[in-house]
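These are the structures in question, set out in turn.
Next come two complexes, and both contain chain A; in the first it sits with chain B, in the second with chain C.
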Partner chain A sequence: MNSSASYISPVSVLYYCPCTSAAKDHSHKADKARKASSSSEALEANEQPPLQPGSNLLALRVSTIENLYYCDDCSEIRCNRCVIEEPAGYHCPNCLFDVPTASVRSEKNCCARNCFQCPVCAHVLSVVENDLEKKPFSLACSVCYWDSREIGWEFEKATGISAQIERMKQDDHQTKEFANLLDYWRTVHHISANTASSMGLGVHTIGGSQFKHRFGASVMPKALTGAEIPVYKAATYVETDHSRVSSLMAIDNADYVSRLSANAATTAASNEPQRVRLSMKLARRCRSCHHILIKPESKAQATRFKIQLMAANFIPKITLPISLSPKLASDVVLPQKPLRAGTAVPVILRFSNPLYSEMQVCVSAHPQKDDAFVEIHAEEFTLPPFTELWEYDDDDDDNDDGNGSSDRSDGQALTKQRGIVDRHGNRVAIQLNIMPKIHSDNMVIPLRVVSTHQDDMGVDMDTDADTSALGSSHRVVTNKFWVYVSLGPVERNI
Partner chain B sequence: METSYTIYKKPEFIETDTGNKVSRRSLISGSQNIVLGGKTIVHSKCTIRGDLRRAGPTHQAAVLIGRFCSLGPSSVLRPPYKTYKGTFSYYPLKIGDHVDIGENSIVEAASIGSCVVIGKNCVVGRFAIIKDCCLIEDGAVIAPNTVIPPFSVVSGGSPAKVVAQLPESTQEVFETRSKDNYSKFISG
Partner chain C sequence: MGRLQIAPRALVCKNTIIEGDVQIGNDTVVHVGASILAKKGPIIIGSGNIISERAVIVNNHSTPLTIGDDNLIETDARIEGRGMGHRNTVQVRAVVAEYSTLGNDCVVGATCSTAPAENVPDNTVLFGNPQSRRTRADGNPEHRFTHKKHLEYIHEMLPRYNHIIEAE
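Take a look at the complex of A and B:
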């Protein structure tokens, strides 16, 4: 799922998930500090980024906003690592048939219809009609032209191929032996479960301990010895069994033993098409509070979600625009030329508000940074709410000194004017001045972002002290997170 | 990183009432059998074979394309064909909304869902079915009759295979991207 985890792509904005324990402690401290002092922003400006930009761990800990979830109970970003996954429905990835959970096990986690994989190229086989009279159908691969007639698989009907194969193979000694083994272990499991529960051992059973390993090493009681458990008797006997065993026993040099993969390739079974394995849809929960974050529709074809709490719907989305308006298409906002150490360049970051309520955003850079000097003119600004109507709006509100800032106090408005280069709809673009100090392959700048908005949740939500003073059902939600802006390589000074 | 503005010369593209932008340098055969949903961009040297329609008298369109699609330069859209019960026939090619087909890709699918991104130099084989919210990476060759389930990432090689799953936000991400691409494709 998280394809961005392997490396940091140049020119991207990546969000840090606070799920690692070190970062958690850190943010708790920050919380205390914030509560202790009212002028919280000054304190937060001095915070250390959870990971230094040069850290090798960075690529593993950050991801794009699209891959992140948001727990609205914890008010915290959640990533793939800090969610619990649960199955929410099974289906065949080929025929998209929804398999009821009850029959998944009996169908051995595989599609019980016509879906088979080619034994040569693993592509899905299709049922083809041949000009034969008795059994006209066979399975054929459209990639490598393998045909199931090669191994003598021909079918009377084009439907229910799995069942036809099962009927064909029911006299096969391997199938018999497997069924026998299954029966045997079921009996063993049953006996041991009964004995164990009577001895007050609960779920720790012999069968369970051998197959599940769920609770670590299980205690095998003295009473449960061979006396109660029947000895396994093979269902079938094949002439070559003894000779094969004795030849294996006679091996005294491991070099002569073929590897598992090679061994499997030489057995007859691997020449047979295998049934396509089922896929499942996943529901996701927050690891710390078990609040459900993702609940998909159980149907295989549906792409809707009953519950979908993605980070992109709660925290401002930060992007790097290439150009701010079509008129200025030639005026490139993003430094196209490689960055150069010692030369200050402007970098534009565009923030967009996904919420229907106004959002206050505070951006701060880490002051004692050693590989680049970052200057932010607009440290605090307001993101207008998201409205569908903005989409039809013209460039009227593009102008900085328009009506947008008239309702604010003058001193504040002036500072805001300095760094904001573009306003449009629910988006605000701010300018940073960045001066790289040293050469690097990919300059990454950590930024601390604090976004605050009023959430019109029901009164049952736990409210902060300052909001209860307002006497409304609104609660103030503050999201604090680190983003890492990756800007590409920095060249050496010539 | 946001997409940049693309400025084209006004005479190069024909804009229809529903906002489709079709390059004059594209090759469109059998245009009466092609349905464009609106706000779809057909880039230069793109070939759409609307003339390959079902055998016999039929009113069915040969190529159906939804809204906010982008058919890349030099891409080929061709309805799939097969011989069924002794008669050779073409079958319709259906493409949903917000589908982006990359440069030089050849599509002979039976259906492509909504919010699908197909990279450059891909081949989508005959009667392949790509469900909603999928990403086909550059150079992937999807074998004929393949079914790609929703939220799949299909990676290169022949035959291409499902290698990963896309996040749950994919639908919104691809929709926003295709709308953004359309709004930034303007005449200069």
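Take a look at the complex of A and C:
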């Protein structure tokens, strides 16, 4: 019973990303050995698909080609889960100001300019001018009409709101207390660091034992007593403090301790506008060779990319076409619904070449399959390159329809290669005969695709000496990947 | 039935749909494509209102639908209730539902709507999705100023580009 707990959308072609460099190393060595022994790229009889179609892990490892990257150093597909992400720039999503990396840390990942969020509706606040003489400016929300005057915030200048807020909050007793606490613990740390150096012990152990000392259990040697560490004195005192502390100390049952969120709701900070958090632009690198795959422009408003290595630009795009080119009088392309176990149906797959050079493609299916019997007539074929001028080549294609004649040249004889249904521009549609053997919710067929092409576009500094020939920079690039074709539900045999 | 009374300085475009017993006050602007349908009862619109394109004011009750002064009814809004006070803003695609009224200085946010039968108190703001409401505390100061400017601008520009119904 093939009940897929993980959901793969029916009638789609999904690419498998290996996602592990360990697997790559292993197959690398195996590939080298195989290359030495045989010249064909065809599938060996015992090569298994990396994940069986019923596997629950499959939905996590496959993806459409639009979501995949490609590392041209490793000649491998990379997905979102196996790339290293790193920040390529920080900016404020509201004012689109590019924040230099040094300011990011000093401003605690918030925008330093006048970007604030409304405490009621989280919309961005704008600075408005009111009619008052003194302190005419305030922050207002245009969605919920909240104004900062409701919490007493009014400003003298329209710019530098953050600085004015800082000044307003300096006299706040919370800020004073916090500053006092910071000073106190710095002194403690300083004292213990000095004592540690004089006693020759690690600082961190002393810091830990200070705690134990203050709370009763003394593990430290007698030389370090409480007399050296000053007792903490609070900087401010609020009237409710005494009652709050005594009620807290009177608690002896853990059920009566209030949650942190209840305390947070009553503090004044929940009524105040928060500063807008900065957003990041991410660059992505290959996990094994650290080659940059995606690099956006660092300017916040630029949506382009300096480097963009997408899988769709390097490996053939495989689709289940809805219709073939109109000159072919062919019937419905997708298999007749519903698929039935025991009935063979033809399935058309279309391969499209994104490169400017010709590509040889080998398609093979795993021979012993429990779920379906797959027969591929066109095991190897050639995909012509992608050129923008191919619409002018329609005249050549028009001669290809109908039956073959003995006068044809070799190029046109390729069209009549067995199993190829259609050929147009840089695309080829091949036919597979699939006979499902059991019924299931979603029939998934793994296929192995190997695509080879010559890379004339210039040579990296890292290529080996044996790949460059006679002054021209050629490099044979081979991509091997698995594709899972999902065809939809299969019903029982009648 | 079918009387349309337009005050002298009101600007009502010709490409509007006005049916039934409708009174339009001074300085009020009715943009192109607006509909004012006094189906079962009359509609009385005060002065200084701006009724935008594709707004629909429909009265399905026999009691009059009264709209006060200086209101702004934005594009594609729908007023089906029993009326509203002064200086309100009904934003884009908002709905004042049947049997509801608005007080003064209210804001019905974009795509928001009142409950089917409620009298929305003064200074209420309906906003957000999911919709919530709060009371504004600023007393709506800038509305008088910006609304006046808006009206002046329209009175200057609208007759240049649209046909206006001549008031008697």
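We take it that the second predicted complex is superposed on the first by the 282 of 494 C-alpha atoms of A that agree within 3 Å, B and C clash if a C-alpha of one lies under 4 Å from a C-alpha of the other, contacts with A are read in each partner's own complex, and residues count from 1 in each chain.
Convention: contacts are C-beta pairs under 8 Å (C-beta built on N, C-alpha and C of every residue); 3 or more make two chains touch, one makes a residue touch a chain.
Please read all numbers here as calculations on a predicted model, not as lab measurements.
Contact comparison for chain A: of chain B and chain C, B touches the greater number of residues. Contacts of A:N130 after superposition on the shared chain: chain C is touched, whereas chain B is not. In the superposition on chain A, contact of A:I294 is made with chain B only, not with chain C. In the superposition on chain A, contact is made by A:W146 with chain C only, not with chain B. Using the contact criterion defined above for the overlaid structures, shared-chain residue A:S323 touches chain B, although it does not reach chain C. In the superposed pair of complexes, A:A344 makes contact with neither chain B nor chain C. Look at A:C121: by the touch rule set out above, it reaches both chain B and chain C. Overlap of the chain B and chain C contact sets on chain A: residues 121, 143. Residues 1, 3, 11-12, 66-67, 91, 93-96, 121-124, 126, 142-143, 279, 294, 296, 300-303, 305, 308, 310, 312, 319-323, 326, 329, 334, 350 of chain A touch chain B in their complex. Chain C makes touch with chain A in their complex at residues 107, 109, 125, 127-128, 132, 134, 136-138, 141-142. Within the complex formed with chain C, the residues of chain A that make contact are 120-121, 128, 130-131, 140, 143-147, 149-150.
Looking at the complex, you find that chain B touches chain A at residues 1-5, 7, 115, 125, 131-133, 143-147, 149-151, 153, 158-159, 161-162, 164-173, 184, 186, 188.
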